[in-house]
Every structure is written in structure tokens, then in C-alpha cells.
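Following are the structures in question.
Two complexes follow with chain A in common, the first pairing it with chain B and the second with chain C.
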Partner chain A sequence: MGVFDIYLLEALINGVLLGGVLALLSLGLNLVFGVIDVVWICYAELIMLGMYAMYFLASVYHAPLLLAAALSIAAVGVLGVLLHVLVIAPLLGAAPINQLLATGGVLFFLQSAATILFGIEFKNLGLRLPVLKVAGMFISYSRLLAFAAALIGMVLVYLFLSRTYTGAAIRAIAQDRQIMTLMGVDSRRIYVITSALGGGLAGLAACLLVLQYDVHPFVGLSFGPITFLICVLGGLGNFLGGFVAAFVFAEIISVGGLYLDLEWGYVFAFAFFIAMMFVRPQGLLARRS
Partner chain B sequence: MRRGPALLGGAALIALPFVYAAPYPLHIAVLILIWSFAYTSWSVMGRFGLTSLGHGGFMGIGAYVTALAWNRGGVSPWLGIPLALGAGGLLALIVAYPCFRFRITGHYFALVTLALSGIVLQVITATRDYTGGSLGYTPERYRGGSSLYALQFSGKTTWYLIALGVWAVGIWIWHRVDRSMLRYALEAIAEDEDAAAATGVHVTAEKLKITVLSAVMTALAGSLYCQYQMFISPDTVSGIAVSLQMVFAVVVGGIYVALGPTVGAIITIPLAEVLRISFGTRAVGWDNLVYGVLLVLFIVFLPRGILGSVLALRRPRPAG
Partner chain C sequence: MLQLTGVRAGYGSFQALFDVSLEVRAGEAVGVIGPNGAGKTTLMRVISGLIRPTAGQLTMEGVDVLATPPHRIVELGIAHVPESRRLFPRMTVEDNLKMGGFAPAARAKFRQRLAVVYELFPRLRERRRQLAGSMSGGEQQMCAIGRALMSEPRLLLLDEPSAGLAPVVVDHVFALLGTIRAAGVTVLIVEQNVQQVLRVVERAYLLKAGRIRAAGAAGELLDGARLREAYLGV
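Right after this comes the complex of A and B.
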């Protein structure tokens, strides 16, 4: 029984660490949805490309890790802007289904582009960070690092949104997009900035995920669905709700994966999601309207 | 639909394999019919603004339950298919009820269903001891040849006629829904849920009806695909890619017209086939790359779909 408890505790701690990264993932998607009112179905594929960027910069071109990370984040940020300008902007007035589908098309495009450019082999950084051994538990440094970086990233975004003029404009647009245009905020500019920010967050998440997971063209499919569930459960566009939901889901996946395969962790998470909809249909921390 | 041309068209379609029965074109025709039925199933609910991205999940359930019942339980598809339809309908009920009851609509509904198709894919992969995981799964041949009991036929003509019949039923259901009170209720709901509820429409019940109907039809398409191809893999019958493929084909063809999904299938399936053959195995991924680009271009420039746009040109008054 003692061994069992140690494993459970280890899974719980790993869950918290995973939660940090998932929270970061959902933050980017939430931000874009809250401000632009468009869901990037291809969000996880942006992360996949970020992971490849990180892989090539760090493993193939031997750039220093921090520089590689900075470049990857910038690259995915640019991708976010491109996505907005090329695909989303022409469709802003169209039916929501068309916006969803268009980003779905981008999902196909990015997956197959990655297949063509990089092949379907699994690739990893080949970076073996030491493992921290505490009281018989094994906690990898890469997860700790990811957790810390995710928290720092989220704090930075929070400060940007709450302390700068642009941040205030972004939050204002999220509340009422008509009025803010009347008040002299250039919504197109805000949309581009938000897309860059959303892309940048995907890039940061990519840098952290590639420390722990292999990258391949379809890696997005393994954490895309969970990111969407987190956002819906948190209440799309509700940052705090997404944050809490991320940790709840991470615990379910981590502890569920302890007893069965990791895939079953996702199934539990989905079952939990359905159950939660009965309990708190408006999302975990929603302001009831 | 006017009766005369419809009957004539139907007779021509039935006669086709007896006049011209080259195996490959007939194979493509069967695929088009099966997928047309799946796309029609999606559009039955999709046209009311219920954007489900989870139909890949229902299709996967239909295919895998039928195949597993046959291989594991020795249950004939004649029982296995109803079982699969029940499973698909039940899953739809479990997921859709909380969604509708608690007014998860629009983007939220799309995302929940998107996650659903992702999860079904995960489950099929996770239960690899039974389903063969991502390597795919093959229903066992019944004593070699064709058998009505096992619903396995070696002749393509038989399959063509079966697929044609099922497709015709799909179109018939589409028309039945189109003429029913359900349609008016759902259109009212799509406009404004509160206003619809105020006029006495039971919002949750009406949405559930159409969703379960659509899911059951999609599961049937999955079963049929499984019996015809005799090989299923998570990527070809379930998952996000299949869900998006359905929505894409319907949008290409036209959501608001009965034959729109069929036109979508007639365009997208040969397109995928041509892309697959012309790029071949030497360039894996190019077909989907072109597919993705076409999808985006279509959405941006032809949001009504091809058949929808043509019909809108013929009639000055926009339909739907």
C-alpha cells in the first residue's frame, strides 16, 4: 500500500506540473476567442509547428536553448498573425461555421505541410534533463521547468493585459466590440496584436512541450481535444476558469493514466467533462448571466 | 422534388451497373454513395446551425461496433448494425443532452463535439487489444465468398445497389424532415432559442431528436463502410479529420439543399482520389495539403456551396 501511495502522490504532482502547461495552452486559445470571437481549430497544429521550430533550432542548428525558444515563440507569433490576416480577417463577417471550417482547413494544411517538410518520424530534442528524486518519487526537471515557465508566461500576459494601454484595449474589445470601435480603438490592430499574442503563447507552450514529448506531424491531435475541453469547461473567453479547469483536467489525466493507459486518462477527462456540464453548465467559474 | 425527373434519375442510377460495370469506377460510385449518405446525415442537423464536429465519432462507433460484434461475438451484421446504431444514438444522447439542456451552443457545441470525435479516436486506439488500434481492423471473411447472413458480397454491383438504396433512404429522410413541424421548430430555435421557447417549442427535445436521428444515420454509414471495405482504421472512419471532411463536403455542395451533400461527395471524393493517385506514395501529405488549401479557398469565396450558389443564381430569392 505504501508503494501505491507514493505513485499516487507522484501522479498528483505530475498532474500539477502538466496543469501549468495545459493552462498556458488554453490561455492562448481563450484570448483569441475572447477578443476576436473566433475559435482556432488549428491551434494545436500551431503548437506542433512551434515544436518543430524548437527541434530544428536546438538539435539541428545547435542554437542555444533560450535563443531557440525565443525564435520559436516569435515564429509561431508570426504564424498567428498570418493566420489572422489571411484566413480569419476575410471571414470576420461570415457565419461562425465558416470560420470554424476555415481554421479546420488550416489544420489539414499544417498537418500535411509538416508531413511533407519534416516526414512522419518522431523527433525529440535528445535532451536528457536530470530527474529530481524526492522521497522515493521521480519528478523530472523538464516538467518543473515547463511548469515554472508556464506560470511566468501567464503572469507576463496578465501584466500586459492589466497594466498597458494596449492590454486595456484588448480587454475592452473582449467586452464590447462595437462600442470600442466608436471610442476610437482600431479593432483591426487589436485583433492582429491578439493573434500575435495567441500565437506567441502557442509558441511558448510548444517550447515547453517539446522538452517532454516527441514531435511528429499529428502530435496536435493528442492535446488539441483536451485544450478545447478545458476552454469550454472554463467558459470560453474566461481566463481564470480556463486556468482552474486546466489543473482539474491535468490531475484526471495524470491520475487516470496511472491506472490505465494514457489514452484512458483522456476518456476519463471527457466523462468528467460531461458530468461537470450537469453540475456547472456555465463553466467552472462563470459569472451567471 | 418533382416526381418525374426523380423517378427517371432513380431508374438510370439503378440501371447503371448493368450497363457499365468496370470495377474501379463502380468502386468510386459506391464510395460516393456511402459518403453521400454520411454527409446527408450530417446536413440533416447541420442545416439548423447545429454544427457538429463529432460525426466522425458516430461513424467510427458504427463501423467498429459492427465489426467487433461480428469478429468477437459472432453476431451477424443484421443484428450488429442495429446494435451499432443504438450505440451511436446513445452516445449522441449522452453528449447532446447536457449540451442542449444547458445551452451549449455555437462555438461551444462545435468544440465539445470536436473533442468527442477526438476522444472516440483515442478510445479506439487505447483498446488496441480488441480493435487493432491505429493499425486498423478487418471483419473476418465468412467462408470465403458472399453471404447474405454475414452481409458480405464480393460483387460490386450488389454493393452499389445496397449503397444506392441506403442513400435514397437518406434523401427521403432529408425530405421528411424538410416537410415536418420539426423543421419549423428547429429553424425557430436556430434564429432565437428564447423566442422559440416562448412560442411553445420544446428546445431541448427538438434538438435532441434531430441530433439522435443524425447520429444514428451516420453510424449506419459507418457500418456500411465497414461491410463494404472490409477494413477500417481509426483514421478513415473516425476522428477530427473525418468530421471536418463531412462538414467540408456539405459546405462545398450546399447545406440547405437536399442534394447538396451528394454534390459535395461527387466533388470531394474523386478529388481526394485524384490527389491520392497523382501524388501517389512518393509524396505523402500533398493530397491533404491541396485539400486543406481548397477548403479554405472555398469557405472564403463560395460560402453557399456549389449547388447552393447555382440554385441561388437560378432563383433571385435566396433560399434558407
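Right after this comes the complex of A and C.
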């Protein structure tokens, strides 16, 4: 029984560590949706490109890891701005389905472009980070690092949103888009800044995921859907809801995977999602409308 | 101060304003009255840049408002308290006020403007960390007016400030107008509460079906036949 408890504790801790990264993933998507009212279906593909950026900078060009990470984050931030300016901005007045289809198109474009440019081989950084052994439990160092970096990233975003004028405008625009003009805010500028921030968060997520997973053109499929589900479960555009939902999901995956195979964790998580959609379709922390 | 000449505006193919000309002089309080759907809110939106007119001129202290990007009109000294307040409900009172002082010039004076607004509305200081959406209607109206005053406007546009408020709160809001004017702010106010607004403004325009039907001193309009005609159709 004692051994069993340690496994459970290990799974719970791993769930928290996974939750931090999932929370970071959902924050970028939520931010863009909350502010611009557009869902970046191709969000996970931006992460895929960020992982390739990390791979090329660190493994091929042998840049120091921190420099490679900074450059990758900046590069995906620029991609976010390009996505907004080239695809989203011209469609802002269009029907939501057109925006979904357009960013969905970008998803396949990026997947195909990555296949042509980088091939379909799985690539990785070749890092072998140690595994910590604490009180009989095994905790992966790379997961710990990813969790810490995700937390730092989220704290920085929180400080930006709560302390700066631009951050206040980002929160305000998510609540009342039409009157921003009266406040002296150029909404188009806020959209571009938000896209850069959303892209930057995807870039940070890419740096953390590439520590644990191989990169290939279709890697977005392994965490894109779960990111969307977390955002929907938390209430699309609700930052706090997304944060809570990420940890709920991560614990279900981690603890669920403990009793059967790892894949069963995902089965439980998605079943939970479907059940929740019946009970609370507006999301876990939905506001009264 | 504010001059509108032959302004036409609308939404899509629907025209809401027909050749509206109107003037507000510095230091005045001017009312715009008229029945529901007369175009009063559209008029306010045209002045603050929320919608662009299809024809006509609009100047503020000699500056062409229509040549100014909409988000920079607040920097011309025009602040608009929109209909039904439109606060950011899930932001604190102080964050709402911060948004009102978003323009670069206002940011530099944030502390000073905040002190002015809190002096006018001590209730807002007490509630500064409270979410704006959780306050009473009257407090929200104070917050909306305070937010507009953060940009240090010379002209304040008030759209139906008494709507949805209890009578005793309405009296309070109208009393506040005197304080705001004493601070040197010119006021253009749109109201359905005709009797009350005509007692606090010097002049008023009667708007009906998108056209100015009458203009004059508040006292004249108060017992004028034109008013009865506009509202009762007799």
C-alpha cells in the first residue's frame, strides 16, 4: 500500500508539472481569443515551428540554449503578428466561420510547408536531462524546468496585464470592444501587440515542449486539440478558467494514466470534457451572462 | 467651441441624422432633447468619433474633428460618457479610471486627475478596488463620468445619464453637473428626462426624426408649444 501511495503522489506531482505547461499553452490561445475574438486554429502549428527554431538554433547551429530560446520566442512572436496582419485583420469583419476556415487553412499550410522544408523525420535536441529521485519518486528534470519556466512566463504576462496601460487596454478590450475609441485606444494596435504576445507564448511553450518531445511536422496534433479543450472547458477567453482547467485536465491525464496505460489518461480527460460540456457548457468558471 | 454644420449620419442604409447644425460655446451647458429614436445617441457618437458622418462639418475649437483619427479625438478635449455607462465590469474602479486616462497627455497627469475625480466622487475612492460591475447604478454612473473626466476634457458629452437610475439618484447626478461645470468643463447632455434637464442647461436643441426642430433658451423650450408637438404630436 505504501508503494502504491508513492506512485499516486508521483502521478499527482507530474500532473501539476504538466498542468503548468498546459496552462501556458492555453493562455496564449485564450489571450488572442479574448482580445481579438478569433480562434487561432493553427496555434499548435506555431508551436511546432518554434520547436523547429529551437532545434535548428541549438542542435544545428549550436547556439547557447538560452539564446536559442530567446530567438525562438521572438521568431514565433513575429509569426503571430504576420498571422494577424496577413490573415486575421482582413477578415475581422467577416463571419466567424470564415475566420475559422482561414486559420484552419493556415494549419495545413504550415504542416505541409514544414514537411517540405524539414522532412518528416523526428528530430530532438539530444539533451539528456537527469531524473531527480526524491523520497522514492522519480521526477523528470526537464518537466520541472518546463513547469518553472511556464510559471515565470505566466507571472510576467500577469504583471504586464495588470501593471501597464497596454495591459489594461488588453483586458478592457476583451470586455467592451466598441468603446475603446472613446478611451483613446487604437484597437488595431492592441490587436497587433496581443498577436505578438500570443505568438511569444506559443514560442515559449515550444522551447519547453522541445525539451521533452521530438519535433516533426505533425507534432501540433498531439497538443493542439487538448489546448482547445482546456480553453473551452475554462470558458473561451477566461484566463483564470483556462488556468484551472489546465490543472484539472493534467491531473486526470496523469492520475488516470497511473491505473491503466498512459493513453487511458487522455481517454478519461476527453470523456470528462464531454461530460462537462453537458453539465457546464459555458465552462468551469463561467460568468453569469 | 464645438460646431456641427449640416451633419448627416446613419447606420448602413438607415439615415439617423439629416443636416444637423448645432453649436456649443465654451462654458455652456447645452441639452439635446427629443423622443426615443430621434437620433440623439447617434449625434453623440458622431461627435466622439464612434461613427463617421456621411456629410457635413465638425470642428472642436477650430480643429477639424473629422480629420482626426477616431481614437485621438479624446485628445482634442472631448470626452464621451456613453449611453448605459459602458464600464468595464470586470475591472476595478481604479482600472476603469486608468482607461479613461489612456491618452499620452493624460497618463502624465494620472495621479493629479485621480485626485480630482476622487474629490468629486468620494464614493469612488472608497470603492477603488471593487469591480465596477458590482456597484449600484448610481455608483456606476459616477464611475463612468469619472472615467471621462480622467482625460481632462474641456467638453463632456453625457448620453442619458439618468437612464435606469432611481429618482433620488437622478437628482444626485443632475446636482453633480453643477460641480463639473464649476470645474470649467463645458457640457453637452442628451436626455429623455426633459423637465429635469431643461432646469440645468442654458440652451437646448429639440431633435426629432433626425432633424433639429427647435432651439432656444431652456426656459422657452420648457413651456413651448413645439415641445408638446414633438412629444405628443398635437
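By definition in this document, the second predicted complex is superposed on the first by the 279 of 289 C-alpha atoms of A that agree within 3 Å, B and C clash if a C-alpha of one lies under 4 Å from a C-alpha of the other, contacts with A are read in each partner's own complex, and residues count from 1 in each chain.
Basically, a residue touches a chain if its C-beta (ideal position, glycine included) is under 8 Å from a C-beta of that chain, and two chains touch if they have at least 3 such contacts.
Since the model is a prediction, treat every value here as computed from it, not as a measurement.
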Exercise for the section: Name the contact category of A:V39: first (chain B only), second (chain C only), both, or neither. Expected result: first
Practice task
Classify the contacts of A:V87 with the two partner chains as first (chain B alone), second (chain C alone), both, or neither.
Solution key: first
Completion exercise
Winner on chain A touched-residue count between chain B and chain C: chain B
Exercise for the section: For A:N98, decide between first (touching chain B), second (touching chain C), both and neither. Expected result: first
Practice task
Kindly list the residues of chain A that each of chain B and chain C touches, one partner per complex.
Solution key: none
Problem - Residues of chain A that touch chain C when the two form their complex - result: 165, 168-169, 171-172, 175-176, 178-187, 287
Fill in the blank from the handout: Per the touch rule above, chain A residues touching chain B in the complex are 33, 39, 41, 87, 90-91, 94-98, 100-102, 104-116, 120, 217, 221, 224-226, 228-229, 231-232, 236, 260-261, 263-264, 266-267, 270, 273-274, 277-278, 281-282
Handout entry: Residue numbers on chain C that touch chain A, as the complex places them
Key = 48-50, 69-75, 79-80, 82, 86, 88-91, 95, 98-100, 102-103, 106-107, 148, 151
Practice task
Name, in rising order, each residue of chain B that touches chain A in their complex.
Solution key: 46, 49, 51, 53, 94-95, 98-99, 101-104, 106-108, 110-112, 114-116, 118-119, 121-123, 125-126, 239-241, 244, 247-248, 251, 283-289, 291-296, 299-300, 303
